[in-house]
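Next come the structures, one after another.
The same subunit A turns up in both complexes below, where it pairs with subunit B and then with subunit C.
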Partner chain A sequence: MKPIFNYIDRPSPIHALTGATKLCCLLLWSFAAMLTFDTRFVIALAVLSFVLLRLSMIRLSDVSFLLKLTIFFMLFNNLVLFLFSPQYGVEIYGTKHVLFGSGRFTLTQEQLFYHLNQMLKCFAMVPVVLLFVCTTQPSEFAASLNRIGVKYTVAYSVALALRYIPDIQREYHEISQAQQARGIEMSKKESLVRRLKSASAILIPLILSSMDRIEIISNAMELRGFGKNKKRSWYMARPFRAADWLSMVFCALLLAAAIILNIHNGTRFWNPFL
Partner chain B sequence: MSDPIIQFDHFSFQYHAQSAPTLHDISLSIRKGEKVLICGPSGCGKSTLGHCINGLIPHSYRGESTGRVTVRGRSTAELNIFEISRTVGTVLQDTDGQFVGLTVAEDIAFALENDCVADPALHERVEKAAALVGVETHLSHAPGDLSGGQKQRVSLAGILVDDVEVLLFDEPLANLDPATGKAAIELIDEIQRETGAAVIIIEHRLEDVLHRHVDRVILMGEGRILADVTPDELLAGTLLQRSGIREPLYITALKYAGVRLTADQHPASLDTIRLSEDDKAAVRDWFRRTGAAPEPPDTPTLLQARDIRFAYSNGREALHGLSLTLREGEMSAVVGTNGAGKSTFCKLLCGFETQQAGTLSFAGEDMAALSIKERADRIGYVMQNPNQMISQTMIFDEVALGLRMRRIPEEQVRERVEATLKICGLWPFRNWPVSALSFGQKKRVTIAAILVLEPKLILLDEPTAGQDYRHYTEIMEFLLELNRRGVTVLMVTHDMHLMLEYARRAIVFSDGAVIADAKSAEVLTDGDVISRASLKETSLYALARLCGIEDGRGFVARFIDYEREAAHR
Partner chain C sequence: MKKSPIVTVVAIGIGAALFFVLGRFVIIPSPVPNTNISAQYGLLAFMAALFGPLAGLLIGLIGHALIDFSWGGSFGGIWWSWVIASAVCGLIMGIGMKKISLTDGVFGKKDVLRFNLSQIVAHIICWGGIAPALDVLIYHEPTEKLVAQGLMAGVANIVTTAIIGTLLCTAYAAARPKKGSLKEEN
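Now for the complex of A and B:
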């Protein structure tokens, strides 16, 4: 069983950046991608994000589960957008090129173009998020959250939760196997009620053992001075290097470019129909 | 004599959630550089005593207390938990659970980070502490890559980065195999000599802790201190037998032989014990007198594994060419280090994983085509931790779950569950909620829940892990009783007592193959197997040597037979 959400250790230039840099870049990049619907810019971002993913030596197979999940949600999201406002593209771009159909659900080129932009934005952001998750150690992530001003107790809890995900996955797997041996059926052959009952036979022991775990870990942390001071130092904290500054400046420039494009276009949308 | 670092003065404590006090009128002092063992059966209050020393009581667990506990002369109620932790460093029982950092280095650094120690001092002190316990080459490893012994070393290093004056170990042997446990006791001894800290060990495995010198043993029972004496005095006395703590096996053997021990003979360890020629003669005499038990007759083969090979999806080959045979009505043990392939073998038996080569057959039938559920009707698997199996609120429902899932009519379910509850001694509790039971009783419920499906073979993972002598005996006698009723029992274990006393055979796994398959007395006296499987030579064997008995193996076997008879007389 593969962990779905995890740090993958590979010797890449992206891994070498500090966690704080990566968090900062992730935020700048995401704002840039969210701000504008300028297709040319978004395509550039999407291409660049896959280049970065390549550079980080994270393979698509490492993140295939998450990738599939995002694609599913992206398609679902677009479907909902279309169902609720099928003529939104016409509204934005001000023209109407009918492809086929009539009435409320008339399919227009404008609407398709709008959906294309939505998807491109998704592809411009998701690889970068994956990149952050897969190249940042949870403890470095905590250190970087703390660096940008989040309280360290909160930052550490987040990191700890991330670190326990694989453990809990493994435990879930073990419990579910033992319960299956007792006759718990989780397959679709069973009725929904029985499946819910079966799920509780796995979840209840899992929750109870997680509670035990929390008690132990919080005692262990308290006995070693966690929460004693307002600040703490981080073993994994690394000083910023040239590459860190360069990356942040680059991402800041991207954001600036997005803002300038919006002002220059006079709107968030780039309109090829005019 | 120096001033006490820790002092209890007529201290009593009652948890808010409990109806009776857990500690009664404890008076006790521990001085600088002392090494003290706090010993007692489960529920005697020894862990609570530990919580009082490290400040979890009164700062994390609330309750009513009278009297005083002081650390370096100041009451723990007035200090905060951080101030106490500067003096008292605690290594908790569960080495997995207390691993806070993502890597070894970060875990060791944790206390320093919280103290805002900055580089370069931070890295230097971490490296120094790691070197002290011998994990300096593992600094970048994740906890999952470490063995149980290494995890414990890391926990210890995490305490040693601060110069604490008291090292408190809460059941340090609980999750370790025999050889690693022995190494842990040696490590604690070395660290104490190097740092001069006082050491407090909370543990019920007396013989294992006494492997190295201990200044005092504090024996607890029902929340009170029963004895505060030297180990020699304790072992020469009679208090121990009544306390629910197992005395060292060599002491039991000497008693069987009629030897009367006194404290000046230094019985605390076989290295220090002084036996007179008369004593030795008495042991030899006892050996000659007692006869060997008859061999049980051979029964048909129940389970056969032939040339099993299995590799996980990450490419690690866990089993290479494993073969073994289990006969009907047997009660045997599978032993070996972590990673030797014991749990993988269990998973294959239950059908959770499928072997890439080799065959598994059960009662002559190839199991390849059987589903998980079908296998479960033949082989019942009981997990180590009952809390991982119990999902129902009421005992009756928990035991009935497997039958109900198999859509057996409720009438029959009732009948079968009631019969099983009776066999398992749970009949009086049938209408109780599971949460009201002790750990040992919960274990019994999980066994009942498997037994009700009427498997021919029960497979148990560490059936007695973390149990004191009384609960251990209770669980094992229960399994023996099931075995007498015709259920074949296979136990996966680290526990050498369990192997010696309850397993007819010990099947030793090492590196994915069986390296020995013999009587436990033979395995535990075979130096080569012992070191490869991370076991420990039994003290009975050493006693036999000491008394000039050449057939040490025979002596061990004779002792087990004798004890089994004595237990059931």
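Now for the complex of A and C:
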């Protein structure tokens, strides 16, 4: 089975950072990118995120499928946005420079600029998530959650989820094939209610057997004294180095810059039309 | 029955793994083109009824976040607004279903009603309220578009939860030994 989280092991400076650092940076970066619509800042973020992707030795061909998906989804989303409210840009920027057309679907410069902003924001966010997923080992991810202040029982739940996803996926596949051999139909040929009922015929054995699994695992953990102490150590945890602190400070500065820009501009948008 | 906190930790882990597998690999085509039915919310309601609101919250949060991470954020980054909505959905379901005691093998008509009322309320609050409201804040897209998106997801989720969730609870309760089903023999 193909691994689901797309971790790619390469000797790069980004891989050398601890999982906790990368998670922290991802959160700070996402908030910075979410907060502001200042085009200049978003362009800087987008360029920087591709530089980082380069630095991590992740080749575009490694993630080409996901990038294609991104572009497709982005274009589709912008089409829907335009169809829903073609004058939204005019509403935001307060001016109206008509390019061509008339009536509801008049194309304006403001609307195009709004779409440009939306697309740039997509490119400011997606590469960083890709970077995180491709350079962080899943089991280190759980350890890093505990590091940034999440309770260790919750972090352990995440670790358990990551551990059991492949098992459950395999079991789903087996049950599904067994039920299909008995004539269960989930495709478009059946009515919706019947489709859902046949899905249940696969899901019920899968989920009920998982309930037994919960009992077995929790008994095993209880016997080993899980949850007795306030803290626990992690096999995959690594100590912070200078590079870790530097990157966290850098991302915190990005977030601060986004907030300051918003206050300075008085709005979340940068308006070139005034 | 009092559950040990360890059972909750494991239930959250396995629940999130199930949520992930259902959300990522179980594809049931829906009548609307290019939209699939997400079976994972039936599971979420069932787990919330069985393990309580905290488990519901964390299964929704972890499961949904893992789905987004596994796509490498290719749908425009991690959709925190929808991840949070999933989490709150599990929380509200868990609170509304507290009185249901599936472990005792009871799931009568009243429980079916309670189960479905809680899930409908939870879905309406989350997909009609929380998700679009956060989307407006984060993505600054037209409100009508976001509400339409949220409502579409909400209605689909209510239908799947009603069918898959109810069937799951019935099957689980039927497989449990009934309370007081053992009699002392002389």
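By definition in this document, the second predicted complex is superposed on the first by the 201 of 274 C-alpha atoms of A that agree within 3 Å, B and C clash if a C-alpha of one lies under 4 Å from a C-alpha of the other, contacts with A are read in each partner's own complex, and residues count from 1 in each chain.
Throughout what follows, a residue touches a chain if its C-beta (ideal position, glycine included) is under 8 Å from a C-beta of that chain, and two chains touch if they have at least 3 such contacts.
Remember, predicted model here, so these are calculated numbers, not experimental data.
Colleague: Quick check on the superposed pair: does A:264 touch subunit B, subunit C, both, or neither? Answer first, second, both or neither.
Modeller: After superposing on A, A:264 lies clear of both subunit B and subunit C.
Colleague: Between subunit B (first) and subunit C (second), which, if any, makes contact with A:226: first, second, both or neither?
Modeller: After superposition on chain A, A:226 lies in contact with both partners, subunit B and subunit C.
Colleague: Let me test your reading of the model: by the given contact rule, A:213 touches which partner, first (subunit B), second (subunit C), both or neither?
Modeller: In the superposition, A:213 contacts both subunit B and subunit C.
Colleague: State whether A:180 touches subunit B only (first), subunit C only (second), both chains, or neither.
Modeller: first
Colleague: Counting only touches as set out at the top, which of subunit B and subunit C does A:104 meet: first, second, both, neither?
Modeller: Neither subunit B nor subunit C is touched by A:104.
Colleague: With the two structures laid over each other on chain A, which partner does A:204 touch: subunit B (first), subunit C (second), both, or neither?
Modeller: Once the two structures are laid over each other on A, A:204 reaches both partners.
Colleague: After lining up the shared chain so the two structures overlap, which partner does A:37 touch, if you call subunit B first and subunit C second: first, second, both or neither?
Modeller: second
Colleague: Going by the touch definition up top, name the partner, subunit B or subunit C, that contacts more of subunit A.
Modeller: The partner that reaches more residues of subunit A in the superposed model: C.
Colleague: Where on subunit A do the contacts with subunit B and the contacts with subunit C coincide?
Modeller: Subunit A residues touching both partners: 159-160, 163, 200, 202, 204, 208, 213, 217, 221-222, 226-227.
Colleague: For subunit B, which residues count as touching subunit A in their complex?
Modeller: 54-56, 59-60, 81-82, 85, 90, 92, 94, 97-98, 100-103, 105-106, 109-119, 122-123, 126, 158-159, 347, 350-352, 372-373, 375-376, 380-381, 383, 385, 387-392, 401-402, 405-406, 449-450, 453
Colleague: Help me check something: in the complex, which residues belonging to subunit A touch subunit C?
Modeller: Residue positions touching the partner: 4-6, 30, 33-34, 37, 63, 66-67, 69-70, 73-74, 77, 80-81, 84-85, 88, 92, 118, 121-122, 125-126, 128-130, 132-134, 153-154, 156-165, 167-169, 172, 186-188, 192-193, 195-197, 199-200, 202-204, 206-208, 210-211, 213-215, 217-218, 221-222, 226-227, 268.
Colleague: Spell out the residues on subunit C that touch subunit A in their complex, using ranges where they run on.
Modeller: 4-7, 9-14, 16-18, 20-22, 24-26, 28-31, 37, 39, 42-43, 46, 50, 58, 62-63, 66, 69-78, 80, 138-142, 144-145, 148, 159-160, 163-164, 167-168, 171-172, 175
Colleague: What residues of subunit A sit close enough to touch subunit B in their complex?
Modeller: 137-139, 159-160, 163, 171, 174-175, 177-185, 198, 200-202, 204-205, 208-209, 212-213, 216-217, 219-229, 231-236
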